[in-house]
């Protein structure tokens, strides 16, 4: 088993854990954290393929990872802002109870 | 003669290689690392002990009193006494506290503080890890301190400690931005993130004057902004709001006693040394001698001389300035420090592209002084400072 | 200018810091066990019993009249009267306390006992290094521990001691004069009856 | 499959599993930071030094603290005892297991991975800077715009209206 496959397996595992968390957890913040994990798993893939890929000098994998880290941070900030606004409005972060669009 | 100087300068490096030489070649690199780690831990822990005494004696002398002079000659065994006291004191953990996180917080804080020394070049080729992205490593490790502060504040299940932790984190984050921007100026000029190459850029001399970055207008402004942000980053003197005894008892380390409490102090002081060490590396030419005729003194002595000078300035400022209020602290960060550092980056750009000579100096100096005065007037004009009227006093 | 106040502050602390090395009089601390502040005369700590002459048993001014015990707000004085008499400071035979205890841990050094004492027998001491290893019996002072000489009183409260001594001397003179007058009137009236008054011991 | 890789992978996966399975939200975030730190170490092991340090700086430093701040602000007094998983937890985990199976099969069977043997390449920071400034300058500007928009957006969304018109 070459090391590239091991890295890909680890990132697939992290991705599925993040997905499981996002799908099953009750609290909105945990869903956001699950999404963060999925994004990170993708980053790991980029770096693994850059490292073991055909043309490391092109740095495309590293560039992709850097931009994806930046965007994931922005997404986390806005997502948590929304969770806060929803909490202020409906006093709960439980996803099951956020089922009414009443203003 | 020259070889004697060279030997004195490289004495520790040679010592390290000789000791590591006893091991088989495979383990030598690990042995090198371990030896330098031991050296760093010993030297900076000793410096921590010395600084606690210097601080208390300095503050005493500023306030017209002696400062500790009972334990040992002129009080220099006081850290031993403090150490024994903090070791023998009972280590209370509140019942409601979250045991694991409560224990991990000081450990993480001290680890983060010591990690920051890996990239500081203490002397000529005396650096633990010559990372290509050294400065970035320093700031990455610096953020671990905020996490440790939060863990300490939250895990003690105490309103005051949580309040103190939140204040400390808010302060650290809002002063991390100017800190990073102030160091970007030097990275632009040096063209590399590696601390070793930044110092090598500053070791040249023209005439007797060194090529330190602090001697350029943007370097001087950057150095001041960096030191202000560093004081705030390590929760010291005018910015020590999170542990303001008068307001919230002792901030995030209320529920700590005994050795863990001492670890927090160790972490805070190490943080102070680390940021001032980075300031020395970036602006004051790391281990470079201040004048060309002084280069015969070994390089590591210059680093620690500058470090002691910075510590003295920290103590001096601590003895002078009153504590800032939370809103003043935040306004200062976002309305003065951030714009000034951005202008400083612009000034460094102008400096880089303008031809040399006096005009360049004038342009950059004006480019920095005018916004500084305007911003400071902006900060002050918000306040109404007319005479206070007392209803009952007079 | 923005940093003006800061620079002035820094200059002030620097002047203080360097000044403390130049002239020692800037430093106000007194190294306590080695150096001591001059004693303030009006300072008072816990009471003590004054005695005249060398032998504290005989010279004790206290005549155990129990006034201070009654007046003491926290009730920390305990006196037991003797059965026989001894001459007091003025020479008149009076009772004297066999037991005179003050519980120093209770005493609040309010000086009421000194004010009410008609015989100037109890005064306030200025000794403050009183730590003991036992907080019960160690702080219950008996008569022997309380008795201190008049010279000690003069040393700690000179002016006050002088006034008290003057009054005592005047009283002794009055008593002596009365005794002398009685002695002369006695041989004129009835030389046969033996003089009831024992000889006054002259001080 | 060196020893260090195994240790780091174990730490990362332990951190992520703990982040998803813990009852107390703050414990989740702390476990998450452990996971992120493990990932950063994996990047360093892969030679991408700049990305590893940025990962620590951005995630462990900022995102974790941000999540913790929001948890503090949305603390519900009553600690509900019933399960922390939402009602349809079974279907969710089944889907995740299915996804992992598909990914695992795809990775295992692909011919691409076995063929490549490449020298150890150390990504210096200067080429990254050059690439950012020359080939990727447009994405960089867009990223700057996006981050500013996100900054203002997050503040606008989360700020308390002064008029209290909730």
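To keep things simple, chains are lettered A, B, C and D as they appear, and every chain counts its residues starting from 1.
Throughout what follows, a contact is a pair of C-beta atoms (placed from the backbone, for glycine too) under 8 Å apart; a residue touches a chain by one contact, two chains touch by 3 or more.
Only a predicted model underlies this, so the values are computations on that prediction, with no experimental measurement involved.
Enquirer: Look at the interfaces B-C and B-D and say which one is made up of more C-beta pairs in contact.
Expert: B-D
Enquirer: Would you mind checking which chain's C-alpha centre is most distant from the centre of chain A?
Expert: Looking at centroid distances, C is the chain farthest away.
Enquirer: Roughly how far is chain B from chain C, going centre to centre by Cα mean, in whole Å?
Expert: 60
Enquirer: What is the distance in Å between the mean C-alpha positions of chain B and chain D?
Expert: Each chain reduced to its C-alpha mean, chain B and chain D end up 30 Å apart.
Enquirer: Would you mind pulling out the distance in Å between where the CA atoms of chain A average out and where those of chain B do?
Expert: That pair's centroid distance is 34 Å.
Enquirer: Distance-wise, how many Å sit between the C-alpha centres of chain A and chain C, to the nearest whole number?
Expert: For chain A versus chain C, the centre distance works out to 84 Å.
Enquirer: Mark out which residues of chain D touch at least two other chains, giving numbers and ranges.
Expert: 50, 54, 62, 69
Enquirer: Viewed as a graph of touching chains, is the assembly arranged as a line, ring, star, complete set, or other?
Expert: Chain contacts: open path, no cycle.
Enquirer: Can you identify all of the chain pairs that touch?
Expert: Pairs of chains that touch one another: A-D, B-C, B-D.
Enquirer: What residues on chain D touch chain B, complex-wise?
Expert: Residues 26-27, 30, 33, 49-50, 53-54, 56-57, 60-62, 64-65, 68-69, 72, 122, 124-126.
Enquirer: So in the complex, the part of chain C that touches chain B is made up of which residues?
Expert: 1-3, 6, 9-10, 12-14, 16-17, 20-21, 26-29
Enquirer: List the residues on chain D that touch chain A in their complex, please.
Expert: Listed in rising order, the residues of chain D that touch chain A are 1-2, 5, 9, 12-13, 16-17, 19-20, 25, 28-29, 32, 35-36, 39, 42-43, 46-48, 50-51, 54-55, 58-59, 62-63, 66-67, 69-71, 73-74, 76, 83-89, 91-93, 95-97, 99-100, 103-104, 107-108, 113-114, 116-118, 121, 123, 127-128, 131-132, 135-136, 139, 143, 146-147, 149-151, 153-155, 157-158, 160, 166.
Enquirer: Which stretch or stretches of chain A touch chain D in the complex?
Expert: Touch list, chain A to chain D: 1-10, 12-21, 23-27, 29-30, 32-34, 36-37, 40, 43-44, 47-48, 50-54, 56-57, 59, 61-63, 65-67, 69-78, 80-85, 87-89, 92-93, 95-96.
Enquirer: Mind pulling up the chain B residues that touch chain D in the complex?
Expert: Touching chain D from chain B are residues 101, 131-133, 136-137, 139-144, 146-147, 150-151, 154, 162, 166, 169, 173, 176, 191-194.
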